[in-house]
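Shared between the two complexes below is subunit A, which has subunit B as its partner in the first and subunit C in the second.
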Partner chain A sequence: MEKSIERCLSETCSMDGVIGSVLADQQGLCLGVKGKASISSSGVITAIADQVAKLEPASKNPIIVLENDTNQCLIQRADRATVAIFKTSNPVN
Partner chain B sequence: MAEDMKKYLKQLLLRVDNLLCILITDRDGVPILKAVNDKCPELAMRPNFLTTFAMATDQSSKLGQGRNKTIICMYSSYQVIQMNKLPLILNFVATADCNTGHILSLENLIEPLLGELKGAVIES
Partner chain C sequence: MLSVDRIPDQVGYLVMTEDGAVVSSGGELENGERIANVVAGLISLCDKVDSTAFPGDKGFKKITVNYEDHAYVICLSNKKVYVVKRKTSPQPPMETDLSSNIS
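For the complex of A and B:
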């Protein structure tokens, strides 16, 4: 099971501009992490996804983008997991 | 000083949905600092419940995986997370559906309080 998660995270991290990714379960516990991302961020990521989903309960799971001058963090909750992808705002092409 | 710490702990309690109680105790389960929600079960704050952790953490440290840091107990309605910060113990009580990862991330935020409290416990 871990291998498929690790493969998936590695594939994500190999994409342009992506510097790290985290996968968390419903309880906010880390299932996997790759690249420049912290294991301890899994709880906060899940909490953010849960709170934002409350804004429009009728809509399907939103994609949340947190951005600063250099980096972006994209968060989306699927059925039983939440994923966060960290990427640079201006990837070098 | 103690009031400031209590206030800070209360703020942390409100930060996580369905977190019912944050309790800092000594090894014997004597509460040193606590922030409690009205819905917190009384049973989870009793010294005889809290002292079980000191024993459990000692035993689980013998499993050959290094020193035990955290024990998470999931019950049908509640979850109890206890962290080994000897001579102190950090206890969190939350509902079963509460975000466990978010509670674990509070550890770093409570760490600054522990330094001063540890000094007080060792002196006494």
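For the complex of A and C:
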């Protein structure tokens, strides 16, 4: 199971502009991390996904995008896991 | 005073203070106290997401919550939080896109 998670996270990190990705379980515990991302962010991404789920509880899980001029953080909750992808247009970062 | 009405595809808006009190609202978000409270909680969570991925980051400027056919766009300006609900055209999943390119 770990291998498929690792492979999926690695594939994500190899995409253009992606610097890191994190996968967390329903409780916010880290299932996997790749690239420039912190294990400790798994809790906060799950909390963000849970909070957004309160917006429209009847709708399908949305994609949450947090952004500033150079960075983007994409978060989506699936059935039993939450994934966050960190992107930047500033390669120095 | 507000030009929120002029945003293309806008179906509702909410102007609120940072602590979640609604200043003005309109469209589908009229009197959206519940949405305002959820957004206030969301903003406090988004303060510092990952300092390893984005070192020295000053936080985020915009939050977008994308559903299938609509999206909420959240911005902070002049100590007020602006929430706009917009209709969007549904995007096909990426797999469908790729297969249609091959065939």
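Here is the rule we use: the second predicted complex is superposed on the first by the 88 of 93 C-alpha atoms of A that agree within 3 Å, B and C clash if a C-alpha of one lies under 4 Å from a C-alpha of the other, contacts with A are read in each partner's own complex, and residues count from 1 in each chain.
Methods note: a residue touches a chain if its C-beta (ideal position, glycine included) is under 8 Å from a C-beta of that chain, and two chains touch if they have at least 3 such contacts.
These figures come from a predicted structure and were not determined experimentally.
With subunit A as the common reference for superposition, the partners subunit B and subunit C occupy compatible, non-clashing space. Contact with subunit C, but none with subunit B, is seen for A:E56 once the two complexes are overlaid on the shared chain.
Angle at subunit A (Cα centre) between the Cα centres of subunit B and subunit C in the superposed arrangement: 100°, in steps of 10. Contacts of A:K3 after superposition on the shared chain: neither subunit B nor subunit C is touched.
In the superposed model, A:A47 lies in contact with both subunit B and subunit C.
Using the contact criterion defined above for the overlaid structures, shared-chain residue A:A37 touches subunit C, although it does not reach subunit B.
Look at A:L29: by the touch rule set out above, it reaches subunit B but stays clear of subunit C.
Residue contacts after overlaying the shared chain place A:F86 against subunit C, while subunit B stays out of touching range.
More residues of subunit A lie in contact with C than with the other chain of the pair subunit B and subunit C.
After the two structures are overlaid on chain A, the closest C-alpha atoms of subunit B and subunit C sit 8 Å apart.
Overlap of the subunit B and subunit C interfaces on subunit A comprises residues 41, 44, 47.
Residues 16-17, 99-105, 108 of subunit B are the ones touching subunit A in the complex.
Interface residues of subunit A, counted against subunit B in their complex, comprise 24, 27-30, 40-44, 46-47, 50.
Subunit C makes touch with subunit A in their complex at residues 35, 38, 41-42, 45-46, 48-55, 57-68, 71-72. Residue ranges of subunit A in contact with subunit C, taken from their complex: 19-20, 22, 35-38, 41, 44-45, 47-48, 51-52, 54-56, 59-60, 62-69, 71, 73, 84, 86, 88, 93.
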